[in-house]
Amino acid sequence: MAARAAQELQDGEYVNLGIGLPTLIPKYLSSDKHIVLHSENGVLAIGAECAPDDADPDIIDAGSAPVTVVAGASFCSSSMSFAMIRGGHLDVTVLGALQVSASGDLANWAVPGQLVRGMGGAMDLAAGARRVLVLTDHVARDGSPKLVERCTLPLTGRAVVDRIITNLGVLDVTSDGFVVVELAPGVSLEVLRTSTGAPVALTSWSLGGNPQPVG
Amino acid sequence: MAARAAQELQDGEYVNLGIGLPTLIPKYLSSDKHIVLHSENGVLAIGAECAPDDADPDIIDAGSAPVTVVAGASFCSSSMSFAMIRGGHLDVTVLGALQVSASGDLANWAVPGQLVRGMGGAMDLAAGARRVLVLTDHVARDGSPKLVERCTLPLTGRAVVDRIITNLGVLDVTSDGFVVVELAPGVSLEVLRTSTGAPVALTSWSLGGNPQPVG
Amino acid sequence: MDKVLPEARDAVADIEDGATIAVGGFGTAGVPWCLIQALLERGTRRLTIVTNNCGINGLGLATLLREHRIERVIASYIGQNQIFAEQYLNGEIEVELNPQGTLAERLRAGGAGIAAFYTPTGVDTPVGDGGIPTRYGPGGSVLAQTRPKEVRTFVVGGESRRYVLEEAIVTDFALIRATVADRHGNATFHAAARNFNPDFAMAARTAIVEAERVVDAGEIDPDNVHLPGIFVQRVVAVAAGQRS
Amino acid sequence: MDKVLPEARDAVADIEDGATIAVGGFGTAGVPWCLIQALLERGTRRLTIVTNNCGINGLGLATLLREHRIERVIASYIGQNQIFAEQYLNGEIEVELNPQGTLAERLRAGGAGIAAFYTPTGVDTPVGDGGIPTRYGPGGSVLAQTRPKEVRTFVVGGESRRYVLEEAIVTDFALIRATVADRHGNATFHAAARNFNPDFAMAARTAIVEAERVVDAGEIDPDNVHLPGIFVQRVVAVAAGQRS
């Protein structure tokens, strides 16, 4: 999944990777792409994670992990870092999800009845990045669909998600709802559809662009 | 007048001096006071003006005059410079005036029927500085009073002026209108009053604090 | 002009019970450890703390939570901060959760004299619609929750969109950790230790900086001051790496 | 990643008639002389220019005014700028005057995704009340003037006060003069040449930087970048002191 998400990122893009699964993406970035990674605690052009022993305690990412920076990096205040996010200067953000609706609503920060642990920077990223990718398992641990007609959980943002990458495939959010772009190897359209809580359309475009067998 | 205004500035204060008369103030600052001068084009801790030949063309004040900076100086963007102003971080600003009303309204940027040349930073300074001093001739060139009951010119700010220093004396703006603080040497209260377009009160405090003969 | 005080305890000596304090830091970076420790030792109570995450791994602001000095927290993230979560859930503290960018911008606005602003962040979520628990009662019942905020449509750059109104925050004090500060209060920050520190200093009536190195005025390049001295009232020297 | 273009004319080659352009500079400091010259040579017309003072002593943006390329100016100060004054008075250009801090903040807001904000500046003046001439007709008659803006009371830090609502500005392009820029677009400014440049770059869809020195990525200290490369799309090298 992280490898597939890495393919979404284009040379020259400014990208923020949410905590969790998305942090695995850099490992899969091909070296001929120059992607500038942003971290909302005021770091632009993050490099590799580094061993705690080599770490500069002041160079951390938004998950508090020790990191390095690459040539062309800059540090800034939180208000400036979120000016980048909210002002539409990030090309892409990749976020995790609890639920994504067929109209692109994202819920990833709170579950009623459980302790609310705070939204951190997720709402700013959802509202501000030009393209919002979601990277998530296709279904929840209890087997219930995460891709749904309408989110039942509190939203992180309305109509913000552009594309969803799961262990079963890649789906776009369109004005007609979910559209399959790719199926993961060995996954049938039928499996994808039964694992999804809303209709999944199959466009001729997605057929044409899809090397995997469909149906 | 500039010498008298210089006495108003206290050790350790952050001060912005408007263009025109107020720029003469630094010459009269006693050397035992450390005043930090701010210029709205993003300079904090301006020093002396300097000869054009010695000038760094990038170090100018808000009047585009070449200046120096002193130890402890910093440069910043315009938005940050006005954050200092609007956020109440300046202790004092000294501005020129076309009119000041008895309730502290200031008019200093536009005359109906004449070309409006822009307010520049004057409105931000009037709204933002903790203390607004006005430094001006007591009457206009045509002899009409500049200190008036109500401003007839477009305002720079309402109820913003704290103290006025003129060639005739020093007046405070209070809830009772103008109150004389000092008379300039050789100026009688009568002259001050006939030169002022609103009542001028004489408090016992101002009498006590005033070495000049009154009346 | 010399804003340097001898000890951290001198710098926090007038922080009274009930004060509102913005505290810089994100995770372990840029945390004013020594000022927090001095505040703990001073014993001040009923504090309102504005901060991103209110301590980490039991350290920093978590030490004030443990001693029950805090009654209200304005933050963006609780995460795995166990004592913060506990006191929120058991109703001991009131918590107002903000999107992280909104939190930074609210204090930047307070420092810049802006009363309120319209942001796209949080529209059609509980941030704009209200309903985020702010205080829990016995058995996990919700005693108080956030109220709906004004939402308005603006056209910016030709694009029509809805925005939520967020108000500025001004605090009594700010506790700031800098890498270098001069005697006039000018400060610089190393790497991600900058984070909320400059914004929070601007928002406070009295900003107190602990700096790993204190230098004379003129030693910091005027082009590279991250926090101008006009926003800083007090400076205390601490050792690099010193955390209490 | 290399944002450097060979010549200023390459950097402005897609600025079309009718574009809105924010142009940095205050007085003679931080003015993008070479990009303005390239725009002049390109011949682009009907421009809306956002700028503090629209040229000085007949130089900079005044050269575009002289060639009648500008139809609208959003600025804070005309001062002794004779051609600016003339074209405002004779009705050739439309002028919207803003308090200088409001101008900077409107573009900073545009760059930061804030749609609008409440500022104390201009309350109870023609800025808030309306009535500043924006276009003159024959004989000095006023053809159009600013409209009243919303005024609202907020309590900030315990103090109740009235504020006026000001909206963000986003532009198609920004022309920026930097002292040093790297190939990724990170830039620094010397002294008061910074002024509006970082704010204006943020507010533009395409920010073009002319830099007195262009260096490889990594040569600017990451702690001292004044304008992060994420806000910059194009870089052009000019000689220090070069003005056209």
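Chains here go by letter, A, B, C and D, matching the order in which they are written, and residues are numbered from 1 within each.
Rule of thumb we're sticking to: a contact is a pair of C-beta atoms (placed from the backbone, for glycine too) under 8 Å apart; a residue touches a chain by one contact, two chains touch by 3 or more.
Keep in mind it's a predicted model, so treat the numbers as computed, not measured.
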Key: Common touching chains of chain C and chain A   = D
Task = Give, as an integer number of Å, the spacing between the C-alpha centres of chain D and chain C.
result = 32
Message = Rounded to a whole Å, what is the gap between the Cα centroids of chain A and chain B?
response = 55
Task = Report the inter-chain centroid distance for chain B and chain D in whole angstrom, where each centroid is the mean of the CA atoms.
result = 28
Note = dist(centroid_CA(chain B), centroid_CA(chain C)) in Å evaluates to 35
Of all residues in chain C, the ones touching two or more other chains = 105, 108, 110, 112-114, 119-120, 189-191, 222-223, 226
Remark   = Shared-interface residues of chain A (touching two or more other chains) are 69, 75-76, 79, 82, 85-86, 127-128
Task = Check the chains against each other and report every pair that touches.
result = A-C, A-D, B-C, B-D, C-D
Message = Per the contact definition, I'd like the list of chain D residues that touch chain C in the complex.
response = 105, 109-110, 112-120, 154, 156-157, 161, 163, 167-168, 170, 188-191, 205, 221-224, 226
Query = Which positions of chain A touch chain D when the two form their complex?
reply = 11-12, 14, 34, 36, 38, 44-45, 69-76, 79-80, 82-90, 127-128
Note = As the complex stands, chain D meets chain B at residues 26-30, 52-53, 56, 75-79, 85, 88-89, 97, 99-105, 107-108, 119-127, 131-133, 140, 179, 189-199, 226
Task = Would you tell me which residues of chain A are touching chain C in their complex?
result = 39-43, 56-60, 62, 64, 69, 75-79, 81-82, 85-86, 105, 110, 113, 115-124, 127-128, 154-158
Task = Under the touch definition given earlier, write down the residues of chain D that touch chain A in their complex.
result = 1, 108, 110-114, 182-184, 186, 202, 216-218, 220, 222-223, 225, 228-231
